[in-house]
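Letters A, B, C and D mark the chains in the order given here, with residues in each chain numbered from 1 onward.
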Amino acid sequence: MAHHDFTPTIYHTAIGSHEPVLRIASGDTVSTTTIDAGGLDKEGNSVSEGGNPQTGPFYIEGAEEGDSLGVTFDHLMPNRSWGFTSARVAPNVLDPGYVPKFDDNVGRHIWEIDFDKKTTRIAEACEPGPIRRGSGKPVTGPLAKLELPLNPHPGCFGVAPPRRQAISCATSSTHGGNMDYKRFNEGVTVIFPVFVEGALFHVGDGHAVQGDGEIVGTGIEIPFEVTFTVTLHKGKTINWPRAENDTHILTIGNARPLDQCVEHATTEMIRWLTSDFDLDERTAHTLLGQAVEYDIGNIFDPAYTMVCKFPKHILESIGAKRQ
Amino acid sequence: MAHHDFTPTIYHTAIGSHEPVLRIASGDTVSTTTIDAGGLDKEGNSVSEGGNPQTGPFYIEGAEEGDSLGVTFDHLMPNRSWGFTSARVAPNVLDPGYVPKFDDNVGRHIWEIDFDKKTTRIAEACEPGPIRRGSGKPVTGPLAKLELPLNPHPGCFGVAPPRRQAISCATSSTHGGNMDYKRFNEGVTVIFPVFVEGALFHVGDGHAVQGDGEIVGTGIEIPFEVTFTVTLHKGKTINWPRAENDTHILTIGNARPLDQCVEHATTEMIRWLTSDFDLDERTAHTLLGQAVEYDIGNIFDPAYTMVCKFPKHILESIGAKRQ
Amino acid sequence: MAHHDFTPTIYHTAIGSHEPVLRIASGDTVSTTTIDAGGLDKEGNSVSEGGNPQTGPFYIEGAEEGDSLGVTFDHLMPNRSWGFTSARVAPNVLDPGYVPKFDDNVGRHIWEIDFDKKTTRIAEACEPGPIRRGSGKPVTGPLAKLELPLNPHPGCFGVAPPRRQAISCATSSTHGGNMDYKRFNEGVTVIFPVFVEGALFHVGDGHAVQGDGEIVGTGIEIPFEVTFTVTLHKGKTINWPRAENDTHILTIGNARPLDQCVEHATTEMIRWLTSDFDLDERTAHTLLGQAVEYDIGNIFDPAYTMVCKFPKHILESIGAKRQ
Amino acid sequence: MAHHDFTPTIYHTAIGSHEPVLRIASGDTVSTTTIDAGGLDKEGNSVSEGGNPQTGPFYIEGAEEGDSLGVTFDHLMPNRSWGFTSARVAPNVLDPGYVPKFDDNVGRHIWEIDFDKKTTRIAEACEPGPIRRGSGKPVTGPLAKLELPLNPHPGCFGVAPPRRQAISCATSSTHGGNMDYKRFNEGVTVIFPVFVEGALFHVGDGHAVQGDGEIVGTGIEIPFEVTFTVTLHKGKTINWPRAENDTHILTIGNARPLDQCVEHATTEMIRWLTSDFDLDERTAHTLLGQAVEYDIGNIFDPAYTMVCKFPKHILESIGAKRQ
């Protein structure tokens, strides 16, 4: 149950079987930092190429293929006072042939964090080019009044994928990756299938705020302080990432089209309910039929993400105890 | 602003340019009833073939192609003490090749409504065949303890589609139809494009409760008391159904795959924000990017449904007033 | 085995349970005409609204739900010396956000038919607006040299759909419809499920030529002489349209996305091989695995079309006789 | 213009930036061998894990990001007298919920090659388990009479993908990969985008025969003799694989659903026609509209493949010369 403070010096833009940066045991906690999606650190200095550069990988002692790895996010908070967003909804989220009626040369917004109020506002609009605080001009009109509550969450994280693959941090699959799901925030535990020795957990792509789907291609991109605790489940094989928060158990499908994400996530939820909660499959189907919930994750990138959720209070009310 | 009490005697299982059952004016309110998805009325008698039989159509005076029609659900409540559900998650919602591990001969559940507590519980499990209260046997185990809060909403409703089509109540499109969205409940206003003279509003397929997606192919299917008020918006052309409730404005995309629903609903939301809320398109994109929400409607039937939502309190906070 | 000459005076832009224009018996042959997709007849006069107006429906005596109806196209030939095409590949067939680099105001081409050579060439480029021979100007450059062989086929035809639906001629489903498949040409027999009494066969939307997918939204749109012969298969129930030509048996899936069309067409092919050719299902799978072929039909409209094909000579070589 | 004989000793089941096995120059020809999809060599010995193990990568001198690499298959021929197939059409190619009516415990077929007749026949049916010639029993019935002509082609080949990824040989993307397209046979030239220094060409997964789509998950899997010649196109940037054979130019889209493959391949074809054939974009759209063709590649694996084709004789007939 050690606590590790880890300062990264190398970042990866694909999740794979890279050299571990730290070896930890099940139960250990790590406090570290991530840089923003564009590779800028907390000082605004470019320390990596862009594309959701990841801190890690962290090697979990004893993890091997067929296990699963729980990662609890104990603390998630931006460590820089500003982040940035893109300004245009992706064409793949709009009707084919729909052309937005504003200049294609859109630039980006820089948002300022109010750590006391836990909110954020647009500070400046920047021309295209390298992101730099102070390089833009103030916004006017309705956007000048916009104030959104912080919801810090990492957009991209996961474990090394199977078959010696290294998968771009732009996309996602069974190993996690760029899921961009706004409820992977403080307190959640995400559980991954383990495909390689040591599991090799990576984390990055912090968002201060994000709408469903990350449809402009960014949340408010910002570097993070991250503290997480790992729990190794020996011999507990799962097919897709699972998660749990105060209110729900969740399963995650990453694929394209969204219909296929639904299939993966729903099937994984049935597996979970029937294997761990002492429910027969007929019961699981009836429960899902009248009480399942779905949320959208990333719908911007090559693979989309759909989350299947079931309320814990219903499981408790019917005496479906976790075994 | 007349109030009409209407007792239906004919039902349609396709939404189309059928003979109107009542002519009403913009501002009028209608109190009527619907039968359940299987064609059973409040006494449990079969009065129509199954397949989401619709009450209506109601002809709205003065409505013509290019207008839009708002329908506010003032009152939605089951008028029978029991409803039924199917028991098996649809194969198109599960991984290809996944075969549920229970007998295919699944039958259905009958649920009993507690009108005082506004909840429902499973009363009996029935063999396949005609649905009839009292024909089954009690459930045991966890399902016997399940109690869900009522959330009455009609699964299928809409206006006559364009091009003299008549579209099955199993599916949905620009005219509405079988959207199976659980937040189309009491208090919501749904706005449809008008394609034909009189608009021809239909409503049916009441659900006492439904999980997201209607993934077993039913909510708790039950006949309803429905009271609705219509508002005609002359010359206000929209492309897809829109809606509004206490907290959000909503747009609805009906198609397949879900990715295409997302495209339709998101594009319609941009149209709405830029045409009615005095926002330029660049502003609309940035708002959606960091604050859009999506819900799933039907993912059981030929066309799926995705709902794009935007919080009204954010629009108010930035001074984006409806014009 | 009567031969009917039928001159249409009414056309339908949705395929449905319209009043029959002629009653015929199984084995009968009908010679009739169709108008072009825009509603122009062989003189170039507008006699219907546009949208693939259909000749028919033809009522086949004795046909009822659960039967299937074979339609053999004995003769298909344009009956006007010119047809028209659109000029722009549909946005839904191109990458999201790809904007063609030519003026949106594209107009159309008029093509002239050489009935002796059985070819067609571009005669003129027209401004947007009503199509009229002689209203445009000659093309120059490579298109002036383009000469394509005629391949006359009707883009849209089918039988009345189930559930009293009337389905727009812009789309397709189990009843056929706007399949836009270029191998539905002279000599083919297409077999439809029968959903309503009399089957109610419709035909229209003649193409002199068409590329795979009808990706500009038109073939060379032209009115036709059509001669067809019907064969009623009593009690022979099928799920999706089937077809047969000199070389192949074919099954057709109409849906969206194309993946779903593949599923429908392939499943229907397995049903056909195992029910009619005395092959067990294991054999059918192995045959398809190493010798199946697929063609694309319409990929422009709401529903797409995929055709699954199997070579007849392989069936013959292994002694798989039709029963 | 050297000719290299290369004997592989190592194989990769992901395509990535592995250590090159041979450095060659543009214009060079390589004669080498591949093992079968299951990792068996020409003697039937297991020399690699399964999963389309690749020979290579071959480093092409001077290749760098932004170039493209042509690979001409000069010679493709099995180097073992037998190959194997799976026996069951994949569930993702059949209707959801369709369950084949034969024992799940299907085993595989072993096919024998007749090198003189250039055909293949089923030699034996094997139980599940390791593939070994002589371990099964003869087939009876129609399959015993089946004889198919050889069509040797590699199912999986490509260059190292961007962003330091290593992508499983089960799937495909812009770099090529598991495209399973039966017209990538002798004489074809396939052109890849170059993403990394040296391009790093891999090849494997030989098929003696394959139906469209590889819908049972295998062609006739067999080791190969392969001779190929590479041509480096400096500074010629392309977005997706392209190809050329005697009759057509071809572009390849790898994604999911098939609709997205169509979008990638069609857009790439427009880029090709307008950049290399001196055609303006309006002309390209009209040509595609009336003369484009599509073929299906893999529809078994995570990414599907669609091929867009245009006939070379039409380009020649209109004087569209390659620049």
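Observations on the structure shown:
By definition in this document, a contact is a pair of C-beta atoms (placed from the backbone, for glycine too) under 8 Å apart; a residue touches a chain by one contact, two chains touch by 3 or more.
Keep in mind that this is a model prediction, so the values were computed, not measured.
Traced through touching neighbours, the fewest hops from chain A to chain C number 1. Comparing mean CA positions across the assembly, the chain most remote from chain B is D.
Centre-to-centre, using mean CA coordinates, chain C is 32 Å away from chain D. Rounded to whole angstrom, the centroid-to-centroid distance between chain A and chain D, based on C-alpha atoms, equals 35 Å. Centroids of chain B and chain D (each the mean of its C-alpha atoms) stand 47 Å apart. For chain C, residues touching at least two other chains, in rising order: 92, 94, 96, 256-257. Residues 12-14, 16, 51, 162-168, 170, 255-257, 260, 302 of chain C are the ones that touch chain B when the two sit in their complex. The touching residues of chain C, when paired with chain A in their complex, are 90-92, 94, 96-97, 99, 257.
Across the interface of their complex, chain D is touched by residues 85-89, 92-96, 98, 100-102, 106, 109, 122, 141-143, 145-148, 209-216, 218-220, 256-259, 262-264, 266-267, 270, 274, 279-283, 285-296, 299, 304, 314, 317-320 of chain C.
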